[in-house]
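Order of writing sets the chain letters: A, B, C, D, E and F. Residues in each chain are counted from 1.
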Amino acid sequence: MKFGIVVDEGPYTHQASDTAYQFTKAALEKGHEIFRVFFYHDGVNNGTRLTVPPQDERNIQERWTKLAEEHKLDLVVCIAAAQRRGILDENEAKRQGKDANNIAPGFRISGLGQLIEAGIVADRLVVFGD
Amino acid sequence: MKFGIVVDEGPYTHQASDTAYQFTKAALEKGHEIFRVFFYHDGVNNGTRLTVPPQDERNIQERWTKLAEEHKLDLVVCIAAAQRRGILDENEAKRQGKDANNIAPGFRISGLGQLIEAGIVADRLVVFGD
Amino acid sequence: MSTLHTVNKSPFERSSFISCLNHVKAGDAVLMIEDAVVAARKGSAFAEIVEKAAKDCTLYVLGPDLAARGMGEDDLIAGIKLVDYGGFVDLAAEHDRTNAWL
Amino acid sequence: MSTLHTVNKSPFERSSFISCLNHVKAGDAVLMIEDAVVAARKGSAFAEIVEKAAKDCTLYVLGPDLAARGMGEDDLIAGIKLVDYGGFVDLAAEHDRTNAWL
Amino acid sequence: MAMDEMPDVPDVTKKFLYVNRKAPYGTIYALESLEVVLIGAAFEQDVSLAFLDDGVYQLVDGQDTTGIGMKNFSPTYRALGDYEVTKLYVEKESLEERGLTPDDLMQITYEDEDDDWAEKPSIRIVSRAEMIDIMADQDVILSF
Amino acid sequence: MAMDEMPDVPDVTKKFLYVNRKAPYGTIYALESLEVVLIGAAFEQDVSLAFLDDGVYQLVDGQDTTGIGMKNFSPTYRALGDYEVTKLYVEKESLEERGLTPDDLMQITYEDEDDDWAEKPSIRIVSRAEMIDIMADQDVILSF
């Protein structure tokens, strides 16, 4: 079965990203397909490579990046939500005249259409939030 | 009177930063002193210079930066909370081996002791959160 | 020696408003800000609780937040006082401490 | 044609749990995750409501979240079923849609 | 967002329900939910919006955000008809608990192309029982 | 955080109350509140912690976070005595509503230097009326 996953909250502050990760991993282990993980609202903050969590804590961004690598996951950060919250890739930074970018490997920035597409294509859409 | 202000949530997602800003501005207009504005939890996300809000929306970071300039406000971002969430200044980026930083002008990164100090020194501590 | 309590969430969404009212002392003030302003509306399911609380403490509502949610002075439960951000600052200064019910 | 409802907040903190129960259809499933697992504990002020809901729909609780809050199977209201993340995936697959009460 | 960024999607029509349960301005969920609805409108799916619990405050008439320094996005609900988003279900019980009546809500209309472009109300007040049935009739439920 | 980052503060002792009203793990507030308490302990203020509403779950015994992949920070509460944080007020009514008893909570103790280092319980179960008085007796109330 094809799942679409929506993550609405940032890392560490709310458990949403943790639960979404555990769900995604479990779905993959059961042989399901993950069509896309879409990060919206504060969820876009999962996609910054600048986090430095304490050494005895999980690294939420690296965990997503690694899972994406292993399973060719499509991790999409909503562009509108990302702009409001300061998540940029190289292109966006250039386009907006910003001197730095912070997107993490394995994440890509795209439009809200990607969320609707996930709703249309996936057999089930599962939303994780506050 | 001396006020200490605590902002516990990030920009745009929750109204906390807006209300804290309006409170701070009103207090200054009434001749009160703002000893410090301390950004904790997701509040540290107010201190990134990479946000690009829509043109017809308020720019929360710039608003804080400008108010700090005009009134010599001390805007402190908690270092531990900032590390978890990917807010870094140049020094921290270097120390942590990160290739970029995103702190906005007028904000400085420091320890939780600055919050306790605000509690001790200020006549009133006012907390804004979720 | 009195406290300014602030509440920022709708009583329909969270329990923080009721928990706050359960912990005020006579003479304290409660200020409804942000989404909590909906608690100040007359005729709501919480109106009776709010009216009862108004006997023990002074209730305030932040005007700018009230207006943003499409309400005005006419919608308020009798006895609730309207303040702006300056009034919020005054309340924080007049009371000995603030207690934010987050 | 049935729905998997997910709730992730404590009924003591937010109204989403009750709102969810008020909107389930007979045959639906409700899965308590994250802070919502506290609703599954027997002897709480919400136990009666939960027991009543269990007659109309199937109630599940996410084991890993339950353990994190210091609870186990013995603490559960009778009839609530324990699942792990794999069981959560199965529930999402078995029902026709999911409805997250955020 | 540029339209050319829109992905190619399979030619199916699904029933999408956007659930709004939160008051506006205190959090951004109402605004960002509306942004999804606007983008989603381009995909020609069968779209409905549900307003229940504190979500009903999103539709209250006369919102004035001057004092809080935030953008008043409520006029956008009035424009939904132009995007062929015409089914806004509002739960009666949620209104009543909050001391609100349908008259407190904005007037939102659309022009019905199947009825000689007659102007019709987009807001449909429904009972909780009806809301349950609406929710149970969807392919995709998005809540934020 | 390095101790040498600690600011010079005026030589006053204030009553600080940390209010904990949220369950652990679902959000980070409990953990980050505890981090403030630990840093704050170095300032030799008069510190109390209040646990009410869902905050009482922070002290429940037997937390096992293996399954959720998060760090179990509950042992830190046991260490608070070493930081001379010895007043943990837990509201009785909050426990009861949740079907909890004091026996469900962790054993947290401190050694009383004024009483020949006798080991004493840090958790003090108080009624709601007592909690009101504790809150009304503070200089600074921090809630997150």
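The definition used in the following text is that a residue touches a chain if its C-beta (ideal position, glycine included) is under 8 Å from a C-beta of that chain, and two chains touch if they have at least 3 such contacts.
Owing to the predicted nature of the structure, the values given are computational and were not obtained by experimental measurement.
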| item | value |
| --- | --- |
| Chains contacting each of subunit A and subunit E, listed by label | B, D |
| Homomeric contact subunit A-subunit B: same or different residue positions, threshold half | same |
| Taking each chain's C-alpha mean as its centre, the one farthest from subunit A | C |
| Identity of the chain that, by mean CA position, is farthest from subunit F | E |
| Selected interface, A-D versus C-F, where C-beta contact pairs are more numerous | A-D |
| Intercentroid distance (Cα basis), subunit D paired with subunit C, Å | 33 |
| Whole-Å separation of chain centres (CA-atom averages), subunit A against subunit F | 34 |
| Whole-Å gap between the CA centroids of subunit B and subunit F | 26 |
| Per-residue multi-chain contacts in subunit D, two or more chains | 8, 12-13, 15-16, 34-35, 64, 84, 97-98, 100, 102 |
| Set of subunit E residues in contact with two or more other chains | 25-29, 53, 68, 70, 139-141, 143-144 |
| Shared interface positions of subunit A, touching two or more other chains | 8, 12-13, 15, 19, 22, 41, 57, 80, 125, 127, 129 |
| Chain pairs that touch, as defined at the top of this document | A-B, A-D, A-E, A-F, B-C, B-E, B-F, C-D, C-E, C-F, D-E, D-F |
| Touching residues (chain side subunit D, partner subunit E) in the complex | 1-3, 15-16, 19, 22-25, 28, 97-102 |
| Subunit F residues touching subunit B - in the complex, by the definition given at the top | 1-2, 5-7, 9-10, 12, 14, 16, 28-29, 32, 35-36, 39-40, 42-43, 45, 140-144 |
| Subunit D contact footprint on subunit F (complex, rising order) | 22-27, 53-54, 57, 60-68, 70, 72, 97-99, 104 |
| Subunit C to subunit E touching residues, read off their complex | 8-10, 12-13, 34-35, 38, 41-45, 47, 63-65, 67-72, 84 |
| In the complex, subunit A residues that touch subunit B | 10-13, 41-42, 45, 48-54, 57, 61, 80, 83-88, 92-93, 96, 98, 100-102 |
